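Next up: some structures, all given as structure tokens.
Below, subunit A partners subunit B and then partners subunit C, in two separate complexes.
Let's turn to the complex of A and B:
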């Protein structure tokens, strides 16, 4: 198994309600379960608990709120959308367009339905080859002629479904009017106009002709429009049969006329009732395709034949099917394409640029530039520039046997790791570390931090450091006398803005039979089940407390501007983090 | 470490290449070149069997033609790009995937077949592609993409497209007009324009002949 790279995760305070608000008084400890609050604070953070999985993040994922002086994680920040844009053409889409046209690009950006690569518009006249980059006699590609969409990766083209375009731009609109195979379909608007023309001009003959055309292949959009118009007509007819109070046919079911009609049914009837009943128009269902009726075609023998001919590879995979947008030109359900030869190009999903806010003080933590092409940020407060980063590497002392495999940690053999704390801020910080003596979980490893309290210098400029080179040579490697040895209470090495120290770990033995012997005598049952997933992972929860001095920010406007040393205030930040060191070998 | 590309050092306007110099190790194979081919100076030809290169083909610098596993036949108007290996044995290629290591166990003994690799006309072997020896046939008009791998004994049909980093397993038969993409997925290419692609390749060859200084005499003994 590949060796596990040591990692560090930090815990966001949002997962512990006690750190978010004021510390609750002890008497109301019953709210969070049976444990009183005192026990809650004393209990060490358990990285193996299922809940802690949701609060641990690597340093790169965390943000920092300057007002609250706290870490914020991707789960607790509030996001607001800055812009919507298409990832293919980088066109910014105003949010009003989103409500009307949907969350996909409505220009000419499409994805190949087979391999999700980008589709390019090519002319059908001469098929340009992408390997023609250095062709000297580049015959001018005719810019007229029908166009098609081609995928340069899997060589799919829209001619496989029989679709060609007249213009090279605005393909989304052209595609909406085409069915597979090249036949046109009418959009909902055009259907309405046709209906209006029919009502004005035509007689029953033209009406049946229309119905015949539509009945053959009634698509989703048309069926919905027809059905909606039919039901509206029905409602108008039935409600206009009531008393003359409401002659407006478009009141619908909530009209007072309908309500009185329904109530009269329940309150028992007499002559009055019969009269009103006769006046109630009976609503009927749709009878033909012009009114929105579509008879399901349950005969799938064509599809079965095609499947037998072309084989399993010609059918659509789950991902390909889920990528498809609803095809308004084809009938729903029974007309849904199940073969790759029926797949239509997929318009690109729009992406967003978001700004993030602290959930408590509403201070903006991260704000990208509104311009789509710019990848910079206007405001970017990341935790990496406020809290010390921790890197871990194993420390190989000379007495370690050279034949030991470095993949996994050997149980019951003490191992030393070197932790390097790097300070990103411009002030010197004092760091205090605390770890439980035994790691939580079934197999407890012993942990000792050799230097739990130390100071890291400020992150000054490199040039300042180089100019003051005289005394810096002595400051390096403070804590070394003769051979480099790990001593308790002393750091290992120090640099401009970093400090490294040694942590000694004795990994636990993963033997289940010893588990019963070594468990503390307490009367509660020892879990001797088999080794669960990740129980051999050696993770150390560590409580880090960082203290530093910063310039006091005067809140009152009229305060006297005294910036002497008494104006500096002490600030501190404390959080849990988890050091993952490696896996313990099971032998 | 720098290998000067031109002999005149004083008035050389060319940059000195920082790439490691190409060393011609191994036995020099018997060759049969057509008169109109373009073969770069730093192409690597090794092996004991015959290497035949058809007319108007282009062999880029640092392309390797290894005929130790069998005879290499390259058709007309083929292009073999840099760092590609035509004819390598599975055991000799260091970056073989885990599946390839199994085939290397089978191919440790030298193959008795005389035809190691056959590339038909208009084949494009892109940068870093590997075509192993062992009766491997690549059909006319096929594009073997960047880093693709055709294992020993495979027969690839005509006008196929092997997208970059795809693998054709040993002994596999790929029908004509197939596109192999993603992780071994296949589909039938229905564009129906192989002539256009061949025309494009012919035009590319014309340009390459002007750009690559050819030195076939170096390899013919």
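Let's turn to the complex of A and C:
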């Protein structure tokens, strides 16, 4: 198992039961987390609770609303799409195009259907003879068609499904007209002509020829158009028909009412008309391919034969299948390939740039520039620039054996970790920490924070630090001089805008027999089940309260008297976080 | 033995580049370093793979000297041990030619990675043992996780987290994660008299 690097997760207040029950109007929200209700007071955050998975985030993922003065997480912010763009050609797609063209790139950006690598358009003609390299004069001969799409990762090419392109641009439009094997799709007009030809051919074979048309040439698009036209005719007929008996016939698929409702759903609502209430009657269904009838081809012998020949390697994986876009050019029911030899190139899914709003006050807390290529943000209020970051590293005391493997924690052997708090704001902050003495869960490790209360200096200008460089260095080194012992009530080290302190942990033993012995007698039944997933992970819940004084925000009318008092106001922010220290050795 | 003062592991240039003596730079005249770039031992940069066919527009507008760059690297880049930068080649108007490899600022290339991209943006983190395929384009603020293989010609848009073989975009760089791409502090920790790693 890979060694676990210590981590810190922060809890977003959106999942706290106390805030969940409250109304949204909490403009003075800073104190809400710090003053829990009386019944709430003993409740410690349990990082193992199934719900905790959803509220814990690394600091980078958290945003901060300045108006609510509260942490916001990706789960609680409201997102708004700023721009759609293709991740391959990086062209912006206007939102009006999305409605008509769908959420995929309609230029020439495709992914390999086999390995999802990018496809490139290359000329089918072979590259010129290498000997021509010597003569650069004839290098200006341009490539000419036909073109194909090739994957440079797995060497798939569109010639495998028999597709070639005449032009090197606008591949999406060309591909839409091509069926696997290279034949072009029949347009509706061509369908009619072909049918007419067959009818004119006459004779006893007409029916069979027609059936052939049914079986193969009817693609999804045409079938839909045919069906639509057919049902529209039916509706027109039935509305002119006489009044029937009861409203019972109004239910079911054969009734004009439900039909017009369904059609208005699937064809954009323009079919719904007010007279539909008066229509009663039963209509017939489509009878031939011209009316949109498609007879299912139940003869699977071809597929079975192919499977026997090529085996399961030739079949499509679920992932490949789900990547495929519906192919309107193929016959329905059988349009989805089951073999890798039938897969079609996948146009790139569009990607978005999104701005984020605070869920409570609706202020924007993150807004990227609309241009695709721009990487700047107009607004970017991240939690990292408001709340102190916490970094963890093991404290190597001199007596510890440096050669010992440090990737796991030894049970029942005290370990010390160094927590470094770094203050990002321009005011000095007072930090108060609280941890439960024993971690929650079956295997309770003992935790002692040696200095639960301390102050961090302001994040002053970098130049101040540079000017006071000598002084600061002295301060920093003081800790490394003599045998530095971790003392209770004292911080370990202090810097310009950071403070480090020691936390001592006695990891619990993971032995199940010990679990039964050490648990309090007379209590509830001891769970001596086998070790569950991640139960060896030592995670410490820690409540952090940060207090500082800031310039009063004068945007509220009610805050005016406060402002007169030196223009300063006290702020505080309190939240739970989880320190992941490592895994406890199971031996 | 000469009596020169003991030589450090790195050559530090006026512009702040720190180039390991054990790095292999081929065709140095075709390599441009923007300054404050760290090149660790066993790194190889193939500056000899220079463009052999001059494109018509470039040759007429700018002089031949500008076109001879094979690899250009911005400021505060960090090339870890045993990584390799190699310009990619392709057929251009019927003849094979190499295309220059452009790299922005604050680019980290992990241990043992091979980069053959056409361009790598700024603030890019490429993990260890990564292969960046030929003519790939990596935009700004991209994190490539360890052991990824970026297929040739792939375009990776900004703020992507990329992993897999072949690589695919698996996530987005969060808003608060932009500062993590800064390599100024890392730059200070290597060299002949390195600063200690900040806590």
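Basically, the second predicted complex is superposed on the first by the 440 of 587 C-alpha atoms of A that agree within 3 Å, B and C clash if a C-alpha of one lies under 4 Å from a C-alpha of the other, contacts with A are read in each partner's own complex, and residues count from 1 in each chain.
The criterion applied here is as follows: contacts are C-beta pairs under 8 Å (C-beta built on N, C-alpha and C of every residue); 3 or more make two chains touch, one makes a residue touch a chain.
Here the structure is a predicted model, which means the values were calculated and not measured.
Using the contact criterion defined above for the overlaid structures, shared-chain residue A:62 touches subunit C, although it does not reach subunit B.
Using the contact criterion defined above for the overlaid structures, shared-chain residue A:87 touches subunit C, although it does not reach subunit B.
In the superposition on chain A, the chain among subunit B and subunit C reaching more residues of subunit A is C.
When both complexes are overlaid on chain A, the residue A:322 reaches neither subunit B nor subunit C.
Within the superposed three-chain model, A:308 lies out of touch with both subunit B and subunit C [touch as defined at top]. Of the two partner chains placed by superposition, subunit B and subunit C are both touched by A:153.
In the superposed pair of complexes, A:115 makes contact with subunit B and with subunit C alike. When the two complexes are overlaid on their common chain A, residue A:74 makes contact with subunit C while staying clear of subunit B. By the document's definition of touching, of the two partners only subunit B reaches A:340; subunit C does not. Within subunit A, the residues touching subunit B in one complex and subunit C in the other are 115, 127, 132, 136, 153-154.
Of all residues in subunit B, only 124, 161, 163, 179, 181-182, 186-187, 189-191, 193, 196-197, 200-201, 203-204, 206-207 touch subunit A in the complex they form.
Residues of subunit A touching subunit C in their complex: 59-63, 74, 85, 87-90, 115-118, 120, 127-128, 130, 132-133, 136, 138-142, 151-154, 351, 356, 366, 372-373, 375, 377, 380, 382-384, 391, 393, 418, 420, 493, 495, 498, 500. Contact residues of subunit A toward subunit B in the complex are 114-115, 126-127, 129, 131-132, 134-137, 150, 153-157, 159-160, 313, 340.
Taken together, the subunit C residues at the contact with subunit A in this complex read 53, 91-96, 133-134, 139-141, 149, 151-160, 166, 168-169, 174-177, 179-180, 199.
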